[in-house]
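Here it is, the structure, as structure tokens.
Letters are used for the chains, namely A, B, C and D, taken in the order the chains are written, and counting of residues starts over at 1 for each.
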């Protein structure tokens, strides 16, 4: 039996041994993001100075995808400016909508491993939760996909 | 029958040369492509769509949402979320009446309903008016079934909360100028619900151009299976409306004390949805797009002209509504002197001509124009001249069969 | 797989050996005979049934009414008029809630809803209670999901107007003793609505024996197409209830001032009915009768036993509900330590094992028993041991796939 | 084109030239029967003495079947006792339900010509209207067909 799986080692590592699942001191942006229908729940804490994300962490419960995705996201955005972080979130959302180039995908580094989640609409919400919360913290509404 | 017509009719397995199906306004026949799309769905992709994680369920979700997208494009809505799947036009009106009507129409408000309406777009408003102590006002037509925008202008007031009007009457076939009605309604701060049950299958209907707030129609009158209908609603309105049916899928979260509800359109689609029906409607729209709405309009207009002219020649037969065939859109309702419509339809049925007799679910209209029961022949693009000829031959014998000599 | 099973599975075109469909509580797969009955209807007998005089319409009417008769016999109702066709179980509950609930449940009355209920049999009652200022009381189960008749006896009072309870829970699979609940409800002058969505497809349900006032169920969970459901109601009740949806067909006569309504069940079937769906449900009942409900029960019990036993052997896996497989009726909901159900279902899905994860539209129950999200495997008679083996193999790998070693 | 028709000459004659469509003097039972959905409307007048229908007539509008059926019914029941009339109405309803023997059918005389209406549920109401009204006049409720 072969598993066409999204659960590669890198993803499960981020879930089982997350780098950023803890509390941080001096966070000045804190927001809880929830997927009510599936129970995924993440509280994101960021420490932003001069528009730069100097530190960040999350707490939460939920599926491996939602937790790993948040962890990977923090890997990416810590040290970046707000604008850079938002740009990455744009890329991530584009990836979920399957509207992304190869180069852009590379910018997403490990987050790019979640690319295939796009095929499964009921899981995309999980992958997006952290990113959506990040955008909302920066005052950018998450646009609901509408055609 | 030319080659095009022979091929066209082959698409519809039920049709054959032993009868003329002229009850298309009641329900349409289904092309093989629609029947097969549904069959195919159940043979390859059937699952409960929402929240499913495995492949079949994902496939069912995709098919369902693809159907929604195709409806959205077909009526040129601006958002997919503005398309709510219902069972039929009747349920769509009831959804708006229960949800919008019971919440946003208040005591003393006015509801304007045209006298042309099918019971499905009249009774729900009678019910809301009664429940909310609102005033129900009828927009009457003249003896030919005409309602002008100026008639609405005279009736509407600042207290009018909603205008309910059909785009094409299922009795007289006339089109109302919905765009003008919408403009007037909006000037007075009212919303407008347009009944598209008889228009959407037979002409290009563009909700953005018409600027209606709600549009309702049924799949089964436009080549799709029974059991699937559509409510289009502007997203601002749908968003603020409370749910109608409560149950699975339409929630965000539930506790013993209450619930929060999903986004539109899911908020209005309680319980397991009808994916098979939606897939059928999608295939029906594909079929229409493929032969093109222009071709449908052209064929139906030609057939209407031919039928109108030949029926006009029959003695003792009176056609109801406009004297211009262009104002009939495939619907020709008529009386034969001394002959009760049930007898007419029975005799015609015996001769393989399928027409409908009765009040056509529009008793107030029929009473208003003085024909409480009538017979109706209604045309679709897959009809052919031969169907009309059969109708004419049969009509000519009706009075004799009933013992009136001629 | 023995010969019987090989043949059985050939009846279901969607099934093949590359996956195990174990989401039957969400929706069932359809046998060819059902798919073909619907196809056949559209190819030979499609018309708008009611009031039609020509042969096709008469044929459609006969097929529709034959379907009603077959449902009547299937659940042993005493009259055909007690069978109302709806879209699904959810709509059936809403019909009762809007029509019976809003008219006959008054301020200060009590509504008792069991905590086991699917949202579809809970939210409509929350809504009625809110609208009518009635008191909503929950009938709680113990940690194994058991509700005894004595629990109802303690909760019910003379003020109780309605008891809503499921016959089989879609989460824990346990059966409630509906006959005893009905007896108690009636002693206190309350009516009882039984949710048969998970029982009617899987066991003999006899409304006369149970003496319930209302029974609701969905066709799509019992081999029929989506878009057709049933409300059974005792005729005395249906007769005194006001209509729910208003529109075509459900009237006796209409004027601009109001309307009188048709007899039951037509009063509750507004708009063009879903003949195709009813024909499909009829074929589904024929299929069930043909293989016999006894055989279905036997097969499902055997498969449940096998699945229960093998799942019990898996480390870190906890089955929710009774420890007796006989109290599961094909429904096995479980947790795996450290693993979120969405991940479990996703991993299983990737291995061709179709199960459902989430709250199963029963959030209050899951909260009450302390498992807010779970994974559910649910069995139908067309499943085979091989499906269970595939499930077991897949389950064994879940924790490893998620990085938990074992 | 052949018409498999119920509209035989006898039926249409009863409709076009009815024997009993008029008013009568001294009627002591009068009742209106209506099929609201199709507009058939019949007012039946009977003069009953010592339980014998000594005279009868009807007024009304509606389809040929409803009118002819009422006219034929009056042919049959005038001169009969109440019980005989009710028995004939039983036979007629049985005929409509296709539950009738050949001998019974003969008793119905011309009314038996409406036998085939049974195949068309939307027309049976028309054929039954007069008979239903007659039964109601005699205090016998028309039983709705229920299986």
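Basically, contacts are C-beta pairs under 8 Å (C-beta built on N, C-alpha and C of every residue); 3 or more make two chains touch, one makes a residue touch a chain.
Remember, it's a predicted structure, so these values are computed and weren't measured experimentally.
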Exercise. Specify the chain most distant from chain B by Cα centroid.
Key: A
Practice problem: Determine which of the two chain pairs, B-D or C-D, is joined by the larger number of C-beta pairs in contact. | Solution: B-D
Self-check item: Gap in Å, rounded to a whole number, between the CA centres of chain C and chain A
Solution: 38
Practice problem: Just give me the whole-number Å value for how far the CA centre of chain A lies from that of chain B. | Solution: 46
Exercise. At least two other chains touched by the same residue of chain D: list those residues.
Key: 37-38, 120, 122-123
Quiz item: When you check chain C against every other chain, which residues touch at least two of them?
Solution: 51-53, 57, 251, 253, 342, 346, 358
Practice problem: Note which residues of chain C are touching chain D in the complex, please. | Solution: 50-53, 57-58, 61-62, 65, 69, 72, 79-81, 251-253, 260, 262-263
Self-check item: chain B-touching residues of chain A, taken from the complex the two chains share
Solution: 36-38, 119-123, 144, 146-147
Quiz item: Where on chain B is chain D touching in the complex?
Solution: 339-343, 346-347, 350-352, 358-359, 372-373, 393-394, 397, 401-404
Exercise. Sort out for me which residues of chain D touch chain B in the complex.
Key: 1, 3-7, 9, 12-13, 15-16, 37-39, 62-65, 120, 122-123, 126
Exercise. Could you pull out which chain C residues touch chain B in their complex?
Key: 13-14, 19, 21, 23, 26-27, 29-30, 34-35, 38-39, 42-44, 46-48, 51-57, 87-91, 93-94, 97-98, 115, 118-124, 126-127, 130, 138, 218, 220, 225-229, 245-249, 251, 253-256, 258-259, 270-277, 342, 345-346, 348-349, 353-358, 361, 363-364, 367
